[in-house]
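In structure tokens below, several structures.
Shared between the two complexes below is chain A, which pairs with chain B and chain C, respectively.
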Partner chain A sequence: MLRFMSIRTLTYLILAFVASSFAYLLAAGLMHPEAILYPPIAKEPVPLETAQQYLDARNINPDVPLFQRYANWLGGLVRGDLGVTTGTNKAMVPVWEELLNRVPISLRLVLLGTIIGTVLGVALGMVSAVRRRSIDDRAFTFGSFLILALPTPVIILIVQQINQGVLDLTGWGLPAINPINPLLEPGSWDAISYQIKALVMPTIVLTATAAASYSRYMKVTALDVLGSDYLRTARAKGLRRGQAMTRHGLRMALIPMGQYFAFAVGAAFAGSLFVELMFNWQGIGRFAISSISLADVNGTVGVVLYTAVLTLLSATLADFLQGVLDPRVR
Partner chain B sequence: MPAPLGRTALIRRRFFRSSGAWIGLTTFVLLILVAIFAPMIYQYGPFERDLANSLTGPTQYHWFGVNENGLDIFARTMQGLRISLVIGIGTAILTSLLAVLVGTVAGYVSSKGKWGAIADGFLVNLTNLFLVVPALLLMMLFSPALQQASWLWMIPLLSLFAWMLTARVLRAMTQQLVRTEYVEAAKFMGVNPVVNILRHIIPNIASWIIIDTTLGVSAAILGETGLSFIGFGIQYPQVSLGTVLQDYNISAPYTWIPPAMVLAALVISINMMGEALRDALDPTSDSSRL
Partner chain C sequence: MTDTVLTVNDLSVSFPSETNTVHAVQNLSYEVRKGEALAIVGESGSGKSVSSLAVMGLLPVNASVSGRIDLLGRNMFELNDRQLSTLRGNTVSMVFQDPLSALTPVYEVGRQISEVVRIHHPEVSQAKADARSVELLDSVGIPDPSRRAKQYPHEYSGGMRQRAMIAMAIANEPELIIADEPTTALDVTIQAQVMDLLKSAQEMLGAATVLITHDMGVVAGFADRVLVMKESRMVEEGDVEEIFYRPREKYTRDLLAAVPRIDLDDPSESKSIAGSAMAKVAEVSETLLPREKRPVVLEVTDLERIFPITKGALIRKKIGEQRAVDGISFDIREGECLALVGESGSGKTTTLLEIMQLRKPQKGTIRINGKDTSSLTRADRATMRSDVTVVFQDPMAALDPRMPISDILKEPMQVQGYSKERMNERVDWLLTTVGLTPEHASRYPAQFSGGQRQRVGVARALACEPKLIVLDEPTSALDVTVQAGVLKMLADLRSRLGVSFLFVSHDLSVVRHISDRIAVMKSGKLVEIGDTANVFDDPRHAYSRELLAAVPIPDPAKARAHRSTTIDAEAFSGFGESR
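After this line comes the complex of A and B, so read on.
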């Protein structure tokens, strides 16, 4: 088990490294953060020396070869330094600090959405498979079909519009923008309850999308398991369909699901990008959008590194779950 | 005695037996016709401003209403539908081509000695690498540069990050087929590997490819709308359903409900056709029907 886990983790580490290096070279090659020193952004010419200093301080000097800049970035990475934000924004905030401020905001969304969505999806898929062709099955299948046919922004709009409708009708609704209310005193019960209420709608959105795709996969694997010989034996022994499924089938049906988990976190990140944009949360997703549109090389690569680490952790967790569930892979 | 049914006739008959296929096909054809003809006869263009009527609901002049910037929502939705359809269909075809290429080649060479195993390992790792890279972020990186050249660049861009899962399935299917006697026989008769793949492997995995291409259209449309919505997709001189949705206003629901309904109708109709095709092409799929 330990050997299996360490080999897998090492592979993921290499993949994360390759992905972020790739992202650095692409971002540094495609973006032009030095544009801020020239017209039309700069109103008057910048002296050459000042310009060089400005560019070198941010490691974005186009006169330095691309691979030298990559080596500088790599050297920083080894020391735990991700560089400073660049681009058309002149503030030199360390990327590390920016990420640290924003990760808690995004992570609670992604984690809550994935965990609730996975559990709900597995449960719904199980019910669908065991009670095949019943009303529940039809309702769940139709619901997931509908959710998967809509892009995330539209799902968010539906949730927000319903909330707005309820607000107009009853005068009580959930907060639609900002994760925290800056007017309330931090630490007070009002502020905490506001945070919890603000979390409800984004979590519904992420949970719905995750549960929809999960229940579909789960239904397929559960149906495969239901058709297997050992489950027929369990049924012949006198267990009911549901009992046989939970006691003997669930474990087998969950094994392939473990591998989807790694992708689910990535999908939740993509979903959180829309959520953060439309609910005005200043998390990593917002940072990703702004740093790419501002041509912020270091910031963009920081976000890629964050998603790579997130995928790495979830893939490791998925492997761990698979190892626990399936003794054959240990 | 009636003449025996050919394979095509049988599939056609199975396909049209399901009501889902009829609903899906009718809606899809209707949407294509509307996308082609509506912008020709409608009196407003997607960028014509009618500021006097901005933020007014549907009327007989502005069928879906007017948004905050005085732009007609119906005109924009129809123009967006055109772009989204072209991108969706184009991306699905290109994605399937990429997936077939990688999947069949990797599956075919994997059993061919040491070098085959190395080539297969390389392709498998390439597929896995594309699966773990943050596709959305990379698309956001590339897209603005490509959009300056042409909006059609969206097609290769979306395909580049969409072929992996299909390629993995096709590789596994090819590996099974390579071991069958008729493929082995063709191999020993000295048939060129390319001819062998085209003649014996692809026809056997064709049903999967067709289903996947159909469902790929809706996946591509969803990807494109999402990317355009956050501002990294289709840019100014063109409009897509994503950019139309971008102008949403919660206090005026007509600004987003009509384009969202058109988008939903499009995706649902394609998915319905895809599911009906799956049933028609693969009679054993009943147990694994989603």
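After this line comes the complex of A and C, so read on.
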């Protein structure tokens, strides 16, 4: 098991490296952060010397060959330095620092959304399969297809409007936007409870989308299990329907689901792009969108590296889950 | 006080389908008394399995049931699922057909056995139930039971899995055991062991047993009474002697006649359809030249195929080898049928694949019509494909479901460049030859029964006038009466067309009347090869004798004489007090 895991980790490190290298070469080749030095952004001409200094400090000098810049970036990567933010933003914040600030904000969203979404999806899919063609099954099926059909921003709007409606009617509601309230004293109970309340709506959105797709997969695998011989054996042993399904069926149905888990994290990240924008969260998703629009080469690559690591970690977790669930692959 | 355990009265089961209602069982009535073994015999689709699931109360929800089933005086249809659950696994237990899929793959076998104990006796501690499951595994003859109990089903062989299923079924000393085709998926020697075990378990517990099977041979040694079913209805019921020696209905006689007999020398004496057809063949082949003077079609010398067993992900290390085929030699002459017999895993299929590849084997030589396969060019090999053809085991899987029969038959001829007119002509001829009609050509495989599909498979093998047809267990997926028909057709083809067969089977009784010579294979080696009559009358190798002894004989008196007690009754002495 240890050997297996270490081989997996090694492959995943290589994959993360390949993904971010591609991202760097693409971003550095296609983005033009030097545009800031020329009209229309620059109102007056920048002296050549200053311009060169500005570009070299950020490793975005178009006069330096692409692979030279890539080599510089690699050198930094080895030392744990992801470069500084570039593009039309002159702030020059280290990307590493930017990521560190933003990851905790995003990660709680993505993790909560994925975990609650998968658990809920598994439960709903199971119920759908066991009570096939019942009212419950039809309702879940309709609901999940509705959610899958709606674009994420529309779902966000619906959730926000419902909250607003409740707020108007009862005077009690969740915070509409922002993950934290800067007016409250940091660390106080009020601040913490505000953070928790602020988390609810974004999590609902991510959970709903994750549960919708997950319950579809789960229904299919659970239906397979329902027709299986071992479930009939379990019933013949004297287990009632529900007991047989939870003791023997659930674990078998979960085995193929483990592999979807990796994709679920990726989907949650994509969902978090909209969520962070529309709830005004200063997380990775927002950073990703702004980096791309600002032509921030290093920032974009930093985000790619982060998502690669996140996806590969969840893939590792999925492998691990499968190993735990299924003795045949151990 | 009656000792009737199970009474089934006027049972009918039907399933709604898209177009009409399917009547799976109609007006079935029977009873089973304590300690009695009833066999329900019928072909696939006769409703025998559905009737037993009805007894367990495990029919699919969309089934509609009428009639009455009483188990120990309780009307099963009046009980709810909770009440039925207390009976299932405790008063009535079931052994299913395919032990691979019937055990949950993700739980240890021991745990699955202890589970059935704890469901009905929740007061028993897990540790005690585990100890009990080891005891049970021991009693059904699983070696090293305490280690085996901790293993998962995929680490068990087919026979061991079925033993574990039986251990599970007898764990709570049920009043009634229902065994649904318990040995169909097993090799013939394993089948004999499992049936012996089931019989001993039943006798020890004094339980009533319902055995569901399509195999009359299995019935003879097991049952006290036999119920024959056909197309959802009961045909005949009676004592085992009555059914076997004095069957009243024609269908029962057909069923009996279809079973290949190995205990009778003279085929005509067996009343067997297959046997009497083969008798004719025997006469024809006598007019042929003696074996030594006929040309050799296939010659295999010192064939070896060794698979390495490797370990490691990045750097593969060879840690051992599987000698799948270990230096075998044989030859087949023109018009001859050689049967290759052995259990699963003995290397039969690997041998076939090596021959069918038409390539240079790892070691040894394969000559077809005197040509060494290692010297063939790509074009030679393509031409030779028409000389050596194959009929596969599963007729459902071997035909493309989206191609009409005519296209299936034409495909090999197209490869060999036949003209259009010639192909059309041959399709008609082929279909007539295998006992179908030319009108069948436009149909799709799904419109045929299993036996008809296997005939199509044979027709395809015949398409390009082959010298040798390799038959890989061609009848093992078929019902006995259908099997007899296919065997008869094959025997007929051989005598008419003079084509040679390499007939692979795990069942000696099937090849008795069709083969001239028999090669017995075990662990990659040929342990015995000789004329069919010699092998049957005087098997020289111990393994051949074992194989012969394992073949079920459809004769109650002879079968009973064969039986042996295999269960370890000690595990059950004082069972009640031990927990």
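By definition in this document, the second predicted complex is superposed on the first by the 330 of 330 C-alpha atoms of A that agree within 3 Å, B and C clash if a C-alpha of one lies under 4 Å from a C-alpha of the other, contacts with A are read in each partner's own complex, and residues count from 1 in each chain.
By definition in this document, a residue touches a chain if its C-beta (ideal position, glycine included) is under 8 Å from a C-beta of that chain, and two chains touch if they have at least 3 such contacts.
Treat the numbers as computed from the prediction; the structure is a model and nothing was measured.
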item: Contacts of A:238 with chain B and chain C, given as first, second, both or neither; value: second
item: First (chain B), second (chain C), both or neither touched by A:74; value: neither
item: First, second, both or neither for A:326, with chain B first and chain C second; value: second
item: First, second, both or neither for A:51, with chain B first and chain C second; value: neither
item: Partner chain(s) touched by A:224 [first = chain B, second = chain C, both, neither]; value: first
item: First, second, both or neither for A:248, with chain B first and chain C second; value: second
item: Between chain B and chain C, more extensive residue contact with chain A; value: B
item: Which superposed partner A:30 touches (first chain B, second chain C, both, neither); value: first
item: First (chain B), second (chain C), both or neither touched by A:313; value: neither
item: On chain A, positions contacted by chain B and by chain C; value: none
item: Sites on chain C touched by chain A in the complex; value: 56, 58, 81-82, 85-90, 93-94, 96, 98, 101-107, 115-116, 119-120, 152, 154, 165, 168, 313-314
item: Sites on chain B touched by chain A in the complex; value: 128-129, 131-134, 136-138, 140-142, 144-145, 218, 222, 225-226, 229-232, 242, 245, 248, 250-251, 253, 256, 260, 263-264, 267-268, 271, 287-288, 290
item: List of chain A residues in touch with chain B within their complex; value: 12, 15-16, 18-19, 22-23, 26-27, 30-31, 141, 145-146, 148-154, 157, 160-161, 164, 176, 216, 219-220, 223-224, 227, 263, 266, 269-270, 273-274, 277, 288-289, 292-293, 300, 303-304, 307-308, 311, 315
item: Chain C-facing residues of chain A, complex; value: 3-4, 7, 228-230, 232-241, 247-248, 251-252, 255, 325-328
